[in-house]
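Before we start, here is the structure in question, set down as structure tokens.
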Amino acid sequence: MSEIWRYLETNGDDVLTALVQHIWLALLPVAIAFVLALPLGALVHRYVPARHIALTAGSVIYTVPSLALLLLLPGILGTSVLDPINVVIALTLYSLALLVRTTADGLDAVDTTVLQAATAMGYRPVRRWFTVQLPLAMPVILTGLRVATVANVSMVSIAALIGIGGLGQLFTRGFQLGFYLPPIIIGLVLSVALAVIADVLIVALQRGLTPWARAGAR
Amino acid sequence: MSLDYLLDAANWSLTSPDGFPQRILEHLGYTVLALAIAAVIAFPIGLLIGHTGRGALVAINLGNAGRALPTLGVLMLALGLVGIGLVPVTIALVVLAIPPILATTYAGIRSVADETVDAARGVGMTEAQIAWRVEVPIALPIMIGGLRNASLQVVSTATIAAYVGLGGLGRYLFDGLATLQYDQVVAGAIVIAMLAVAVDLALAGAQRLLVSPGVDGRGARDRPTTVRPEPQPEPAG
Amino acid sequence: MIEFEGVTKRYPDGTVAVDDLSLTVDTGQITVLVGPSGCGKTTALRMINRMIEPSSGRILIDGDDVTSRPEAQLRREIGYVIQGAGLFPHRTVLDNVATVPILQGSSRREARTSALDLLERVGLAADLGERYPAQLSGGQQQRVGVARALAADPPVLLMDEPFSAVDPVVRDDLQQELLRLQGELGKTIVLVTHDIDEAIRLGDKVAVFAQRARLAQFAPPADLLAAPADDFVASLVGRDRGFRGLGFADGSSVALTPIDHGVDGLTLEVDHDGRPLGWRGSDGLLPTEGTFSDGANLRTVTDLVILSPAGAAIRVDAEGRADGLVLLADLAGSVRSQQRERLAALASAEEAG
């Protein structure tokens, strides 16, 4: 324990920098993917060919190992291997693959009789989509958002293997110091804590946005 | 992007210790070992909590926490604790594979309709018979789905074995990066992706063989409609 | 014989589902437990095969306490049919039906052969045997459910809302089928339903449950209709109970009038074989609106009297030849005397009991 505190005392600034970088690298891709997934998910929900394309593309993305993707992107984009933009793009792709699918699933799960009732009451399509369909699809969509967020927080660490920041650097530091445990443990604890906090925040958001979901649970 | 390294026949030699065939076998070895151990741990626990409904909250939260653990960190921790070798790599991959297998086993068992379980109990099956003869066969598609998900992650993550001096397809990524041989990185990435697809296809094949046509909807194929068949007219009383 | 002796079911949260129930179910008969939802009827049923354990009291089957045997063994000797059938989706129809014999140690081949016979018995074509439950209609699934329950030839059959998940037409078929089967098999059947019409149709005896399985009345359906024990039973039995009660009265007891008797300016016209053609009057030939034959109940006869333009039901013999008329006045007398006899009998039974 005392070794861990000592490490924090001498390297506190580095740890903090790594943490902040980790947050950016993990959450920015989820945010981008979430914004993109809503229209794309709607498209996939609506058009069957789009569904096939999206599901196939999603599965293909998932078969590419994250480390390999991080190494391949510079060759495709012409960026430097050490550029964090590669991480953001790679994780955005993974998050997008997941979120487009859950958004479509969420929209699929909305009871069609409710939509018909809304139409019958005179809702126009756009308004119906934002005020009826999207809110009712939210529980499923947010569940996907939770999975994507937690996955990203743990996946960012891999980037340290090719020398990009984040908490993963604490792991490679421990490795370089001959499996020196303090930075490794600090990295693990912070990484899990970050994932848990992000998850709790999304659950809170979910409760705030969908009060009816709890009313029906009992 | 150059495919030279991938297409160089010398790299496909069966005898070369760092040719693709050898590396694929190593990679597959790490993967299968980790998946088997994870399944042996996660499957009975998922079955038990799915069947009894007890301890579900604890198991789900542990599973989620497991998902949040960065595999690289777990690997380093295991290396620090047990030293270099296959064991720490396997530990890291097992920790990675347990959450999806556990969660889907649990979810699959819970997805079995209450009335089906009720009927099984009502005809006089023991609890073990209900679990093995009714719940598992019906939950199988979801359970294998979890295994496929886990295998995808493990194949992809087993690259880190190379980072700590072991073999596997990760070698091409790290060696290529170190020597700036970009075509080697490309080759490694492509072969890993292919391997992931191959493992997934193999498990999909196993799923077709193992799952009853009555469960996965194939049984409904000789009817004109798809998922939910139209009721047939009743034979006269 | 199944006996409930002071059976109570109290849940840990304090809810009492069944409160001190005592009831005797006769062997070889259909006993229906009917009542509003939440009245404890299903709980009572499920305590027989120990799907639920009573908090106190005993349940005896032919004198043996149900707790004297291991649950699984007990259940294999009691048929069990539930709403929606609860078929195993991963097994074919034949394997579903063969479940219990295989659990009891029969060979699979043997069990499947007898399962095939059972399918026929419940009115299903043999070629449905290799299908999966998802390929059957709701009514067919329910028939398979009954076949599965009968597979081990259990003396006792428990049925929990067996026909509630199917549409009214199919339900009617299934009810008729159950009565036919029971005619052949003579099982001791306990059936739970919330549908009083189903209870009246199927039950040899009907137990009306109020909340906490309080036994409001336990009687043959005709008595239930003729003399509900209290307001609760009366409201559950519902409207038109007098008319529905006629369904249990013998239609042949009404005095017949010769067919050449004209009614209100109408006379019955028959063809050269004596079969009725219609009622001839100043408006031409009016339709008969149907006939009845021996064995019809009083409800059918009354209905025909109401429908007939002449106010007279036509009785026909086995060859379809008209052989008598039931007139409204004679019908009224018969209904009156039958109801009077029934009430008198019930009253004297009550005094004696």
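Each chain gets a letter, A, B and C, in the order it is written, and its residues are counted from 1.
Here is the rule we use: a residue touches a chain if its C-beta (ideal position, glycine included) is under 8 Å from a C-beta of that chain, and two chains touch if they have at least 3 such contacts.
Since we're looking at a predicted model, the values are computed, not measured.
Chemist: To reach subunit B from subunit A by way of touching chains, what is the minimum number of steps?
Modeler: The least step count works out to 1.
Chemist: By C-alpha centroid distance to the whole-protein centroid, which chain wins?
Modeler: B
Chemist: Where centres are the averaged C-alpha coordinates, which chain has the largest centre distance to subunit A?
Modeler: For subunit A, the chain whose C-alpha mean is farthest off is C.
Chemist: Nearest whole angstrom, what separates the Cα centre of subunit A from the Cα centre of subunit B?
Modeler: 21
Chemist: Between subunit B and subunit C, what's the gap in Å when you average each chain's C-alpha atoms?
Modeler: The mean C-alpha positions of subunit B and subunit C differ by 53 Å.
Chemist: At what distance in angstrom does the C-alpha mean of subunit C lie from that of subunit A?
Modeler: Roughly 59 Å separates the two chain centres.
Chemist: Tell me, which parts of subunit B touch subunit A in their complex?
Modeler: Interface residues on subunit B, with respect to subunit A: 1, 64-65, 67-77, 79-80, 152, 155-157, 159-160, 163-164, 170, 173-174, 176-177, 182, 185-186, 188-189, 192-193, 196-197, 200.
Chemist: Once bound in the complex, which stretches of subunit C touch subunit B?
Modeler: Checking each residue of subunit C against subunit B gives 49, 51, 71-77, 80, 82-92, 99-100, 103, 123-125, 131-140, 145, 148-149, 158, 170, 173, 176-177, 180.
Chemist: Okay, in this complex, where on subunit B does subunit C touch?
Modeler: Interface residues on the subunit B side: 113, 115-116, 118-126, 129, 134, 137-138, 211-215, 217, 219-220, 222-223, 228-235, 237.
Chemist: For subunit A, which residues count as touching subunit B in their complex?
Modeler: Its residues touching subunit B are 60, 62-69, 71-72, 75-76, 81, 147, 150-151, 153-158, 160-162, 167-168, 170-172, 174-175, 179-181, 184-185, 187-188, 191-192, 195-196, 199.
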